[in-house]
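Two complexes are shown next, each including chain A; its partner changes from chain B in the first to chain C in the second.
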Partner chain A sequence: MKIPPFILFLMISFGLIVIASMLAPVLFPIDLSDTELMARFKPPRFIDSGSEYLFGTDSLGRDVGIRLLYATRTSIFIAFAGMVLATIFGLIMGVLSGLNGGLTDLVLTFVTDSQLSVPTTFIGIICATIMGSDAITSIIVIGVTGWPGFARLVRSQVIQLKEANFVESSRSLGATKTRIFFEHILTNISSPLIVYATMNLSSFILLESSLSYIGLGIQPPGTSLGVMVSDGRNYLLQSWWMAIVPSVLIVLLILQISMIGDWLRDKLDPKLKNKS
Partner chain B sequence: MIAMETILDVQDLQTYYRTGKQVVPAVDGVSFRLAKGEVLGIVGESGSGKSTVVRSIIRLLDKNTTRIENGRVLFRGKDLLKLSGRELRGIRGKSISMVFQNPLSSLNPVYTIGNQIQEAILTHESMSRAKARDRALHLLEQVEIPSPELRLDDYPHQLSGGMQQRVLIAMALACQPEIILADEPTTALDVTIQSQILELLSRIRDERNMSIILITHNMGVIAEMCDRMLVMYGGVVMEEGKCTDVFASPLHPYTLGLLASIPSLEEEKEELYAIPGQVPHFNAPVSSCRFCSRCDQVFTRCREEEPPFIQIGDGRFVRCWLYAQENETNNG
Partner chain C sequence: MPLGERRGCLMTRYIAVRVCKAILTVLFIWTLVFVLSRVTGDPVDWILSEGGSAEAIAQVRHNLGLDFPLWEQYFRAFGDILTGNAGDSYYYARPVSDLFGERFIATFTLGALVFLVTILIGIPLGVLAAVKHNTILDRLTMSISIAGYTIPNFVLGILLIMVFSLYIHVLPSGSYGTAAHYVLPVIAMSVGPTASVARLTRSSMLDVIGQDYLESVRAKGVNEWVVIYKHALRNSMIPVITILGAQLSTIIGGSVIIETVFAWPGIGSLIVSSARQRDFPVVQFGVMMICFSITLINLLVDLSYSILDPRIRVKS
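And then the complex of A and B:
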């Protein structure tokens, strides 16, 4: 498989961000609740070349750069775990509804559509009220709001595939239903599912940030990208880097993932594959 | 050709489609026998029920819309219509296999063809992967695919249509079935490839003394391949006989019409002959000749009563009131 240089660049830069954030506790072992009031609002090095902080410090004198790594780590972890949850749940619902048809399909489709009509923040508030605001809640909120898309995709694929000629051909050769499901249906769903999951990972990062921003996600002293943007909101005029640096990172992450996902979609689309 | 062993006996098969409140008799009382080593052709327009007959034999039908209402399909003394799902899967692919019309879409795009042939083998026989691969290679040789050891690791879309159909035939042959049901196996292929595939099927039939039911709407294919033929229309058999007899002296006005629609190389005609009208929709029960609305020899009785299946000679039947005068007693 040939990867265009630009996509390769995106993959490497995304990989570096992920690796750096995962290694944050090893590279910069700090206590997130430590503050240094003498070093408040120190500007980043790209403004004041004499500064000892690459991305400046925040209102409590904490290093924005180091906190950024910890925040990215949390955000990516939550988005990824939420994506896995949404994928698994959506896959199960989509398969059940697509394979069985009839009443099951009707009920599950109704549930899916009802789910889509409930605002995400509302779900977030309810979940936070019931379970408290922490990482687990954020993952669940992402899973709960994310699955309908997956379920719809899987359902339409299953309905198409179960009528496919190769499924019939396999039936005519004596294959069992289980075998047909795992060998012919699931394998053919997997590539659109991977593409859809990748494309959605970026929106899940955004969702996690929004939840934390409105205070429903990660709570201090823990941090995530949304928490950092939220913290910086009050100092936007004097210490703008506090909010802008994490915001730029959010934009970068989403752009990288979306563009990689776009490329993956073109690459894995069986219709395009036949032409090459 | 005398006193051949009957391998498949279809008796009064009725398969109905249900769409909403409508009941469509797709197959409405079809009976025939298939002898060992025989090639039986079923010919008819789209919608005549020929595919449904063949699918009913191994019950490859959509359960939600299609039901086999009546009939028996005897294979080695067992009624296939009464088998459990498990027993039926033991027949499918092992004793009776099917070859489909669209070779590319009948192969799973995500597996190599070698993989798919191996699966067909391993469904019914337990052996090691390596052995199954050997058998798959051998099968590809038998269906005359050039350099089979290279093709084994190809994906379906990398092969041409003719090669894909050969792969499907290899899959159907994987467990040495006694009967092959070929549902328009050459319709999606161009003419030269068509005749190659037919030759291949004939050769395999001769080598293994297999029986084939060949569905087609092409009279030329029937003439080339088959021993006996059924002409189907509107879910019933209109005419049955040895191909030589039917081509030499077609009886039913529908068969005459089909034969007249074949373009001829000798005669120069401005326009191709076509039977007027389309296959009408029937609702059960039918109380007239099904062909009466399009027949050029229609008379009053045709519209009032469905004609019986009248025996004309040895293994020669026709469903038409034109032949009823002499032979009123038969009933089909």
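And then the complex of A and C:
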């Protein structure tokens, strides 16, 4: 498979952001709750070239650059864990409803439909009220809001596949249900599933940062991209970099992931094109 | 059975099925909210998180209706929400329905304006991009629409505040009152939905534009704009209406965030601040109200299809 240079560039830059943020505790072992009030609102290096902070400092004198790495780490981790949860749950539900048909199918279709009719932020809000706001809740919220899409995709794929000739011939040779599932169905739905998961990762990052922006995700002193933007909201005039630097990173992550996702879709599964 | 009667019968059945589905959806979501709030432990524990006297606990239990058996709580609380008698907020110590009543207008006007902008800009923009397919205009529209879905609404809101209220001082950065207060929140909220509607209108128009019947209309000598707006647009509206229903849900969801960004005194910011205080009656009522309105909108969208496209009501 030939990767166009632009996509390759996106992949490498995304990979670098992920690696750098995952290594944050090794590269810059700091305590996130430490403050340094003497160094408040120091400008970033692109404003004052003599500054010792690449992205300046915030209202509590903390290095915005280092916090940015930790924040990205949290955001990506939560979005990724939520995506895994949504994929697994959606896969199970989709396979159950696709293979069994009948009443199971009817009920599951109804559940996915009803769930899609509640805005994702409200699912986040009710979960945060009931379970409290933290990383685990955010992961659950992403899983809960994300799974219906996966279930729909898997269900439609399974319904197509179970009638396919090669599955039929395998069945007539005496293959068990489990064997058919693992050998034929799972291998054939994995590529559309990966494409769909990649395309959705950007919306999960968006959901996580929106939740933490409105104060219902990660709580201080912990940090995530949304928390940083929300911290900076009150200092837009005197130190705009506090809000703008993490904002740019959010936009960059969403842009990278969705463009890589679109490319993957066109490459691996052109059928999905009209469904998004 | 005569054809006319058969058609009427199908229509009644279609409506009945949709209405049942809407009612089931609301009940399902209520069940979910109810089960979640009861399964995750005693609500009293997190309402009185600092602990309280036995008397206070009994009082809270009574106010919440927790002293009834579970099945009775389920129906009683649902009935209370339906009748708008949803108890008192813990934080504001006032009836929940009053809190929502005061804030409803602010949220409704904002949402309605955003929806209007989405339709009035999104659809013509999509038509323009499709008609001028593969020109600079088309590319420009599509690039703007990519920006629409990659820039989160709260980031856009903050950028707008920074530029228009803090640096140029032309528009207020938040709160509510005059027409000028609406400008920034409406822009921040409508860019995303407008972009999706424009993208979908474009692709739906492109599907229709190549079809033969348009050529025959043109061959009759009909003006090109009439061809586009009367013959092509009407036939490409079905998917657009579907997405408009979904966009309303996005707009309602987005209002929560935008109201927080702009300190807008609406329902969204009320629900968010109540969720932060874990003020459960307010959140529960708010989420159920939102769920009612979205289900109602989806029902109307479904019914409007069958008017626009008679094939649909026969199929299901």
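Worth pointing out:
What we mean here is this: the second predicted complex is superposed on the first by the 269 of 276 C-alpha atoms of A that agree within 3 Å, B and C clash if a C-alpha of one lies under 4 Å from a C-alpha of the other, contacts with A are read in each partner's own complex, and residues count from 1 in each chain.
Keep in mind that, in the parts below, a residue touches a chain if its C-beta (ideal position, glycine included) is under 8 Å from a C-beta of that chain, and two chains touch if they have at least 3 such contacts.
Predicted, not measured: the structure shown is a model, and the values here were computed from it.
Three-chain overlay on chain A, with chain B and chain C fitting side by side and no clash.
In the overlay built on the shared chain, the residue A:Tyr213 is in contact with chain C alone; chain B does not reach it. Shared-chain residue A:Leu173: touches chain B; no touch with chain C. Contact with chain C, but none with chain B, is seen for A:Ile130 once the two complexes are overlaid on the shared chain. Draw one line from the C-alpha centre of chain A to that of chain B and another to that of chain C; the angle between them is 90°, to the nearest 10. In the superposition on chain A, A:Asp113 contacts chain C only, with no contact to chain B.
Using the contact criterion defined above for the overlaid structures, shared-chain residue A:Val229 touches chain C, although it does not reach chain B. Touch counts on chain A: comparing chain C and chain B, the chain ahead is C. Within the superposed three-chain model, A:His184 lies in touch with chain B and out of touch with chain C [touch as defined at top]. Touch criterion met: A:Asn165 reaches chain B, while chain C stays clear of it.
Of the two partner chains placed around the shared chain by superposition, chain B is the only one that A:Gly101 touches, whereas chain C remains out of contact. Remark: least CA distance from chain B to chain C after fitting both complexes onto chain A is 15 Å. Common to the chain B and chain C contact sets on chain A is no residue at all. For chain B in complex with chain A, the touching residues are 58, 60, 64, 89-94, 97-98, 100, 102, 105-111, 119-120, 123-124, 157, 168, 171-172, 174.
Against chain C, in their complex, chain A makes its touches with residues 110-111, 113-114, 117-122, 125-133, 202, 206, 209-210, 213-216, 226, 229, 232-233, 236-237, 240, 243-244, 247, 250-251, 254-255, 258. Those residues of chain C lying in contact with chain A across their complex are 21, 24-25, 28-29, 33, 36-37, 40, 46, 149-152, 154-155, 158-159, 161-162, 166, 249-250, 252-254, 256-257, 260-261, 271-272, 274-276, 278-280, 283-284, 286-287, 290-291, 294-295, 298.
Contact residues of chain A toward chain B in the complex are 101-102, 164-166, 168-176, 179, 183-184, 187-188, 270, 273-274.
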